[in-house]
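Listed next: structures, encoded as structure tokens.
Consider the two complexes below, in which subunit A is the common component and subunit B and subunit C are the respective partners.
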Partner chain A sequence: MSIDLKQDHFSLFGLPRSYALDEAALEAAWHGLQSQVHPDRYAHLPDVDKRRAMQWATHVNEGFRTLQKPLSRARYLLELAGVDVGAETNTAMSPEFLMEQMEWREAVEEARQAAEVEDLEQLHTRLLRHARAVRAELERQLDVEHDHAAAADTVRRLMFIEKLQHEIDEALLALEG
Partner chain B sequence: MAYSDKVLDHYENPRNVGSFGKEEEGVATGMVGAPACGDVMKLQIKVGKDGVIEDAKFKTYGCGSAIASSSLVTEWVKGKTIDQALDIKNTQIAEELALPPVKIHCSILAEDAIKAAVADYRKKHPA
Partner chain C sequence: MALLQIAEPGMSPEPHKHRLAVGIDLGTTNSLVASVRNGIAVCLPDESGRSMLPSVVRYHADGSIEVGQGALKAQATDPRNAIVSVKRFMGRGLKDVAHVEAIMPYDFEDGPGMLRLRTVQGVKSPVEVSAEILRALRVRAEASLGGPLVGAVITVPAYFDDAQRQATKDAARLAGLDVLRLLNEPTAAAVAYGLDNAAEGVYAVYDLGGGTFDLSILKLSHGVFEVLSTNGDAALGGDDFDHRLFCAILERAAIAPPSLEDARRLQMKAREVKELLTSCEEAPIHLRLGSGELVDLVVTRDEFADMTRHLVQKTLTPVRKALRDAGLTPEEIKGVVMVGGATRMPHIQRAVAAFFGQEPLTNLDPDKVVALGAAMQANVLAGNRAEQDDDWLLLDVIPLSLGLETMGGLVEKVVPRNSTLPIARAQEFTTFKDGQTAMAFHVVQGERELVADCRSLARFELRGIPPMVAGAARIRVTFQVDADGLLSVSAREMSSGVEASVLVKPSYGLSDDEIAEMLKSGVEHAGDDMMLRALREQQVEAERVIEATEQALAKDGHLLDAGERAAIDAAIEHLRVLRAGSDHRAIKTGIDAFARATDEFAARRMDNSIRTALAGHKVDELEL
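Take a look at the complex of A and B:
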């Protein structure tokens, strides 16, 4: 058993390099690799082999986590294509999008303060629907149009949307808890 | 992570929170966002006829450092000309607030908010 740490995560799991993902195939390939590189299998071997197995196991798990989630998968695809999403540095989102985000945040804050669980649930549902549409757009940009610049912008938008989702979930948890 | 005293001060007593009326004379708006943390920042400046920023307001959804950074720049831009305001650098903001490296992007956001507000002002008032 040996794992090439230089190959990309898609090759590692024997999957096509695309945003659209066969989740079951990823899961099956992950389990397969995981059992092959599990540190227990190397417990009786010298330290150098144990360390290498540990490295493989970490790499396999990291690859799985990267591909499993749509947002990190998209970021990884762009990284492979040499495109920097600029998550830390690109602050110039379209004003319309930012205004919309501001309005979402205001609505969440108001609902939270007024303890309006129903409003929060509605926002949650609306946002899920919105996120689905944005992910569909991302899939088209990455897999069909191969428009990396547009995809990078969509990834940035999705990062805001996921953060917002997280905030709504937290507000709901706090109110229901 | 522990916030510095200055961040806490601005976070707990933010200066100049709110909005100007959009149609108010001399008002310009800068909207920016940081994908890494999902923070959204709106900075408004009110510029007098002499080109000096008379007042500033902000609204930020984000962490303590982002709120403190925007609160601080509303104080700093007041009394400056729009050109002088553009000289405010994120490193100065980070230094003043003693931001840790992982929060530097909050100060970048505040600097970019100033630039966006000035750009909006210039768009509305071509020289």
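Take a look at the complex of A and C:
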């Protein structure tokens, strides 16, 4: 058994290169590949085989993780298309979006300091709905319009949103004890 | 007389030579060895027919070593040489077990990487003591199976960190065992249960052992056992129930503080009573102490349940956290498999049933299920897969996040908890100072945001970085965690190719309690941590701007007149004062104000450097 480590993750899992994803097919393909390359299959073989198995299995897990999550999948698609999302350097966002983010943030901060679990949960739900809409936009930009520049912008917005979601989760956990 | 085996010409009489492999459950209280014989996993008993080997090692003055029942009996009379519960010391330093020292009579000393125990046969490490238990089981298995073993699967608690896993693997090697895999105890139990019952769906494994608690959530589908999440408590087990009962007996019997020997006898009695209350409504205690005092009382099942209710509740916190990490509700769990002798207690079964809204699954022996699952996995790993039916796959996870220390004592998480193994993750860092040629790395494990709250795993240094301006070097640090959950780390400066790597060896500095707290507090104090993190970040930032400005003053101070210079010196002093405070917002505002105060200086420096660069060049030679 050997796998081509150079092919892209979509080819690795035998999936079409698109943002829209058949999650069940991805999971089945992941299990299928791991049942071939997992180090458990090579535990009785020489060290060199074990090492190779670990590299393969690591690569397969990395591919699965990248494709499984919508945000990392979108970033990966853009990377394949030669577009640098530039998340660390390019933070030029529209003033409207930044303003909206600030409002979200203030709402979260207020609810957190007031220990308002219900408010936080409401914010969480609203943000989930918002994220869903942004993802739908992303799917259109990537799969239909192939507008990579716009998609890169949407990816950056989605990163802000996910970070905020994470902050709400943490605040909720802290309040629940 | 044996029947003669007739082979076809050209065919080996043994086309499928069975390779002898075992699964070993190395427990805090008891250990077992199991193997697959004729397609069925069985625990291998000793010559008296007992499967369970008490995890006790006794060192005799004559140089002999006794493991098991005999050693257990000596624990009250020869406490310093009859070592019990050595699993608690695996991969631990002296500081980690300070709280145990009070109740355990051992003669500890600190050693490199791990504490040591002074015995009549000299100084022993927990790895050596554990190796004696494993050696006894290996000898038993080889006698029972009739040949040398090709390898063993050793089980470890799912919450075990890198240091504890490494110590376990070292002990196995010391015992002459080839470790096919370190397998998480709840996962081993899930294999035994899942294969036995052809189970499909999402299951929880509730594993309460002698000194440890694990909760794993697994998805079973078409022969794949995928661990979705795992959580636990490093300092919670059946022993704590014994101890609570022991304390209650002391209170109620109203006796003087007992001698070490009497305390041991009462502790052993408490365990007996706990076990009796599983099948009886009440248990009598009638014990004459060495002091001459008589303990004579009766404990009922309800009284015992009452006095240990808080311990049962304590197990439900990791359960909730594991569910949350898996993104599931209790209703979505198809079955709850009970593992570990302590889960026999009726009030634990009731609490678990109430939490999940269903009766837990107890149809497999909770003492044996881990060893049986490990044996099944060992059989597969040894290459004894006969048919496709034997085909299954375990996808396990790392229980605690791995990270690196960054500026200000903060943790940068590199591998998040509950990542499927094996996994490799890389993170890039840069230099902090101009001309920096070395970089120190501190590898930690845990969920908290501050290094001080996580377990320190290793420190190493990358040297020979070519001198560059601060922030120009690109140092890529790669974490690789293998299928045993063991970590190796390497660092590489990308432009020069300078490389350093380290096999993670434990560097202790945290107590057991703190470890148990790690996951828990990571969540409970998330608010505090965030504030503290914000503060450290601003402090680091303030240091950074002060340092940069001082360097600039040293180099280009001549660009300022005396008044301007004094103003900047005052601004530096002011920011230093703010930096020493604890208000991150004030520091941030101070940094902004400082930036404004040094704007003019920065502009002049920029002009100056452009002029210097332009000197001697024509404008059209420059690519601007």
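Quick note on the criterion: the second predicted complex is superposed on the first by the 177 of 177 C-alpha atoms of A that agree within 3 Å, B and C clash if a C-alpha of one lies under 4 Å from a C-alpha of the other, contacts with A are read in each partner's own complex, and residues count from 1 in each chain.
Keep this in mind: a contact is a pair of C-beta atoms (placed from the backbone, for glycine too) under 8 Å apart; a residue touches a chain by one contact, two chains touch by 3 or more.
Note that the coordinates shown come from a computational prediction; the quantities given were computed from them, not determined experimentally.
A.B. asks: Consider subunit A as the common anchor and indicate whether subunit B and subunit C clash or fit when overlaid.
C.D. replies: Overlaying the two complexes on subunit A (C-alpha atoms) leaves subunit C and subunit B clashing.
A.B. asks: Applying the document's definition of touch, where does A:Ala57 land relative to subunit B and subunit C: first, second, both, or neither?
C.D. replies: Second partner only.
A.B. asks: So, A:Gly82: does it touch subunit B (first), subunit C (second), both, or neither?
C.D. replies: neither
A.B. asks: After the superposition on A, what does A:Leu173 contact: first (subunit B), second (subunit C), both or neither?
C.D. replies: A:Leu173 sits against subunit C, while subunit B stays out of touch.
A.B. asks: Considering only the touch criterion stated at the top, classify A:Pro46 as touching first (subunit B), second (subunit C), both, or neither.
C.D. replies: Touch status of A:Pro46: no partner.
A.B. asks: In the superposed arrangement, which partner chain does A:His38 touch: subunit B (first), subunit C (second), both, or neither?
C.D. replies: Touch status of A:His38: second partner only.
A.B. asks: Pick out the stretch of subunit B that clashes with subunit C after the overlay, from 2-10, 20-28 or 38-46.
C.D. replies: Clashes occur only in 2-10.
A.B. asks: Taking the two structures together, which residues of subunit A meet both subunit B and subunit C?
C.D. replies: Correct list for subunit A: none, the interfaces share no residue.
A.B. asks: Would you tell me which residues of subunit A are touching subunit C in their complex?
C.D. replies: Answer in residue numbers: 31, 34-35, 38-40, 43-44, 54, 57-58, 61-62, 64-65, 112, 170-171, 173-174, 177.
A.B. asks: Within the complex, which stretch of subunit B touches subunit A?
C.D. replies: Residue positions touching the partner: 31-38, 40, 42, 59, 61, 105, 108-109, 112-113, 116.
A.B. asks: Going by the contact rule set out above, which residues of subunit A touch subunit B in the complex?
C.D. replies: 85-93, 95, 97-99, 101-102, 105, 109, 155-157, 159-160, 162-164
A.B. asks: Residues of subunit C touching subunit A in their complex?
C.D. replies: 19, 150-151, 180-181, 221-222, 224, 226, 324, 377, 380-383, 391, 393-395, 419-424, 480, 482-483, 523-527, 530
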